[in-house]
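Every chain is named by a letter (A, B, C and D) in the order it is written, and numbering of its residues begins at 1.
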Amino acid sequence: MTPEEICQKLQSAGIEVTYHDTKPDPFLLCTLQSYKQAALTLRDDPDLAFQSLMSLTGLEWPDYFEVASQLISYQKEHRVTIKVRCGKDDPSVPTLSDVWTIAEWHEREAYDLVGMTFAGHQDLRRILLPEDWEGHPLRKDYSPQERWHDISLTSEPPKTTHE
Amino acid sequence: MIALEPYLDLIISVVYVVGIVLFLSLFALFATWLERKVAGHIQDRLGPMETGGWHGWLQPIADAIKLLIKEDIIPAAADKKLFKLAPYLVFIGSLAGFAVLPFAANLIGSDLNIGVYYVIAVTSLVVIGILMAGWASNNKWSMYGAMRSAAQMISYEIPVALSLLIPVMMAGTMSMVEIVDNQAGGFWNWYVFRTMPFSLIAFVIYFWASLAEVNRAPFDLPEAESELVAGYFTEYSGIRWAMFFLAEYGDMFVVSAIAATVFLGGWYAPFPFLDIIPGPIWFIGKTAFLVFVQMWLRWTLPRLRVDQLMYVCWKIFLPFSFANLLLVGLWVVLKG
Amino acid sequence: MSETKEIHIPLGPSPEKWDLLSKGIDPFGDQMILQMGPQHPATHGVLRLELKTDGEVVTKITPYIGYLHRCFEKVAESVTYPQVIPYTERMDYLAGMNMALSYVLAVEKLREIEVNDRVETLRVLVCELNRIASHCVAIGTFALDIGAWTPLLYLFQVREHILDLLEELSGARMLFNYIRIGGLAHDIPTGWIDKVREFCTYMDPKIPELNGLLSYNKIYIERLAHVGVMSQDVALQYGITGPNLRATGFDYDMRRDAPYSGYEKYDFQPQIGAGEQGTPGDCWDRYIVRVREMEESLKIIRQACDRMPEGDVKETIPKSLRKMPEGEVYVTTEAPRGELGIYLVSDGTDKPYRVKARSGAYCSVAAVPAISLGGLIADLVAIVASIDIVLGEVDR
Amino acid sequence: MNATYKYFRDIYLGVTTVSLGMWITFRHFFMPTITVQYPREKLIYPPRARTELRNAIESCNGCLQCARACPVEIIHIETAKAQDEDNAGNMPDGKPRKLLVLTFDVEMSKCVHCGLCVEVCPTESMHWNNEHEHVTFTREELMRHWATYPPEEVRRLQERDEILKAEKAKQAAEAAAKKAAAGDQPAPKPVSKPAADGAEKPAQPSAAAATPAIEKPAKPESGDGTDSPQKENGKEKA
């Protein structure tokens, strides 16, 4: 099935989802309310049968945060990207970790690097950065802290010949 | 002039002991070099080549100097007394085995009439030292190594002892010298070939079980570097670490030497006309060959898991040794 | 290395604990917390596994990653599109070509660049060579963790041959920067194809030798069969891909089922685990799938050598990548450690807006607790080795 | 029966496979080794080998393309416009030299050997030197300085360049003002742009150059590049 057909299928199941025909890869945009339902339908509907979550990415846009998940169905041989957006004032998205287990780690990474939270996540800790790191590096306005414990994080500018 | 007569025995003993310690150290040094060379050539490499010119033969000396001048680190949380004591205990356990190794008919520390029994008893001392090292280090990996070592060495004592019983039974004595003397006159008289196939099986079982005794691959679980970092000597460094190393190679020599003594005719040549070559050379040669096989095995085989190690001991080696013992006993009785 | 927490030894059981004790349940949590890593010989770099052990039995595993985090995604946002390629290769440094290919395909899809047949064939050729090199390390270190040293060295000889070939082609041994957006950095040097053929003939007897020395060794089989069984359900739940997924008996190979870069033109058979020596999806299956995959890669390499078409490898390299079309793209390729997915978002400038790399090894590490509970420490070592992780790819 | 069969089969397999493995390693024992004993024997590098960067400064035209292509930003270049008085000479291709390369520093310690700088170089002055044995004790020693100008000369040229730039900016501003006077809509952009460009660069060198302290580094350490920044730092503190 093409992403467009998948979108129609979801819509016919009464799930609020819109199809965005961006180039080169289109995506389906869910609302915060329909996100979990859409994920469950995508997994459990025998025509869709998205067995596996390939990737889950957190993105920061100027006005909102976005979570993009790539799904794959080996059985039906199709792939789709679903997205959900949340406001910057309350960057919280429902978790998918009870739909696909690996989402737990991907969501931890998104939390760690982008700083959105996932409602219902069992174990939302930092995963790549140390527990006591300040800030979320993939935010566009991020600037690294100067010291972490006793380690200076700012590098000296190199000594060139004539400076 | 002071009468040396009363002290002669003592002087000879002291000289012998010093000689053995020197021999052990030299052998261990040589064995480390050999090990690296064997490993290298098995793996299409050269091994050490730089120190000393010819094939890096001075490499072990360089290593020894390095280890001697290294800092001796004792962890703050260690049980210091035990920590310091353990390597010596392990070393002594290995050294004591040399007392009854018959390098030649009259070149033996002490020809005990219970020589074989003594060796089995004294090599078990090593396990106390290892357990001590593992406990005193106060490191969990060391502890695991020590526990594994204890379990393994105590289990493998049994097949080792049972296999050694077979030549003892055939010779009717436990004295090392007498056992060797019974094998004089060509390789067909060696115990390993006497009661084919039983004694051969006994020899194979002894050899494999002795690998576990000395913590060599494929039974090197106590020091499995991929699992336990370095096992019971994780926390050791410098000369104390070298002690463990020395003891390991000393143990390798001892178990191989016992195999050479009781199964392979000790200091006798395979053919009587070759007996013009001195006995110690044959003895050390046979032992060195077995040490080489130990190394060869190490660089070929993967390591067993703890439960499989126990399986091999209790379910394969033990029943086979028992059956062997029974059949050889029958053979001895029937032969009269 | 040693954990500061003391082993908790209570003085006497409290009444409720006594109750549990009388029912045969150990109430004390008489278990040891063991920190395996970050610097541990068997964690293939810097992975930390916090274990709870009952004797040698592992009862709880918590993986901690991030010790090799190099901010690939952040760096990629601050450099231009071609400059990202050297960084991608540092993710899985054992398979740089495969890493770069995924990223380059993503940019090409975004920019709508069609490369010619020669470029595609050469890309397939170098990726398969690199796959063999990568599997050599995977298998070698696997054997090393099980305690066999020598296969590692034999396999490194094979790898060395491949690295020599790739060095001659690209100029570097590990971090090639050879595959470029829209083409390749260089055409092949003269006589290179013959050297690749020579390598194939050199490689042919190596795999039977490996099988004799290691694969069918009884001790090795005993260590791996029935250990760390990964069921297909677990694999799908954890998004496991690549050889680890195929080892569970799941017949899916991107190169055959969703071909990219012209893989549909080659004749090869994806290898799946069948539980030959134990249960499907156990460590031995994961091992043997990789061994057989090397043979299949060899087949592809031979075919690629034979069909090497003519063409200009720099023909379609864009003059400037200043202006990229806006949009987003998700491209996956079959890297040696599972699918490498690159999710690329462009905002029209010369730098990517967001690059996410979805790596196979990341998911494999996540699945470690699910497949290794209740085993011994030695089994855990085997499992960590069998899922074949490169921490550079896990932490990125 | 089945268990017994398995028991003996396991032993049989154990013995045979171990023997096979030992046979294989034994064969390797007598195979020729592959070790290359490095300091005495050396491998020949293929022509494309990426070893160490070198810049043939005489053919470098200071176009900055390599600095822009570098993903790790380790190439530091400063240039000044060539004037008639410099006798800058010609480029290898015969055209007159337009830019003087005052600084061309490469931090080899940070180089990732990706080769992007070599590829973009229009004059092929950036190249790999096929040498890789450059072991040093400090990171500073791995800083490669390819420019040949002594420091005082560099400062002089920089100053001159700033003056020229400022003049140009002035002219541009005047021209813009004229334009603005002529037309009614002044274009602020052309005014601000060169001004901003000029303000950015002179900011740091002029602070050092304008003070009389310029004599100090010139006298005792002639051409010692590594010491002078420390001097300046100390001066700033004082």
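The rule is simple: a contact is a pair of C-beta atoms (placed from the backbone, for glycine too) under 8 Å apart; a residue touches a chain by one contact, two chains touch by 3 or more.
If you're wondering where the values come from, they're calculated on a predicted model, not measured in any experiment.
Enquirer: For the interfaces A-C and B-D, which has the higher count of C-beta pairs in contact?
Expert: Output for the comparison: A-C.
Enquirer: Taking each chain's centre as the mean of its C-alpha atoms, which one ends up farthest from the centre of chain C?
Expert: Here the answer is chain B, farthest from chain C.
Enquirer: Mind checking the centre-to-centre distance between chain A and chain C? Centres are C-alpha means, answer in whole Å.
Expert: So the centre of chain A lies 23 Å away from the centre of chain C.
Enquirer: For chain B and chain D, let me know how many angstrom lie between their CA-based centres, rounded off.
Expert: Those two chain centres are 59 Å apart.
Enquirer: Roughly how far is chain A from chain D, going centre to centre by Cα mean, in whole Å?
Expert: 38
Enquirer: Find the geometric centre of each of chain C and chain D from their Cα atoms only, then give the gap between the two centres in Å, rounded to an integer.
Expert: Measuring from centre to centre gives 33 Å for this pair.
Enquirer: Quick one: which residues in chain B touch 2 or more of the other chains?
Expert: Only 42-45, 299-301 qualify.
Enquirer: I need the residues of chain C touching at least two other chains; which ones are they?
Expert: In chain C, the residues touching two or more other chains are 150, 154, 157, 213-214, 217, 219.
Enquirer: Check each residue of chain D and list the ones that touch at least two other chains.
Expert: Chain D, residues with two or more chain partners: 18, 21, 24-25, 28, 34.
Enquirer: So in the complex, the part of chain A that touches chain C is made up of which residues?
Expert: Where chain A meets chain C, its residues are 22-25, 27, 51-55, 57, 59, 68, 70, 74, 77, 79, 81, 100-102, 104-105, 113, 126-130, 137-138.
Enquirer: Touching chain C in the complex: which residues of chain D?
Expert: 10, 13-14, 17-18, 20-21, 24-25, 28, 34, 45-50, 69-71, 112-116, 119, 128
Enquirer: Considering only the defined contacts, which chain B positions touch chain D in the complex?
Expert: 38, 40-46, 49, 296-297, 299-301, 315-316
Enquirer: Quick one: in the complex, what on chain B touches chain C?
Expert: My answer: residues 39, 42-45, 77, 138-141, 144, 217-218, 220-221, 224-229, 234, 299-308.
Enquirer: Hey, which residues of chain C end up touching chain A in the complex?
Expert: Residues in contact with chain A: 65-66, 69, 71, 73-74, 77, 109-110, 112, 236-239, 241, 250, 252, 257-258, 325, 327-330, 332, 339, 341, 343, 345, 354, 356, 358, 362-363, 366-367, 370, 395-396.
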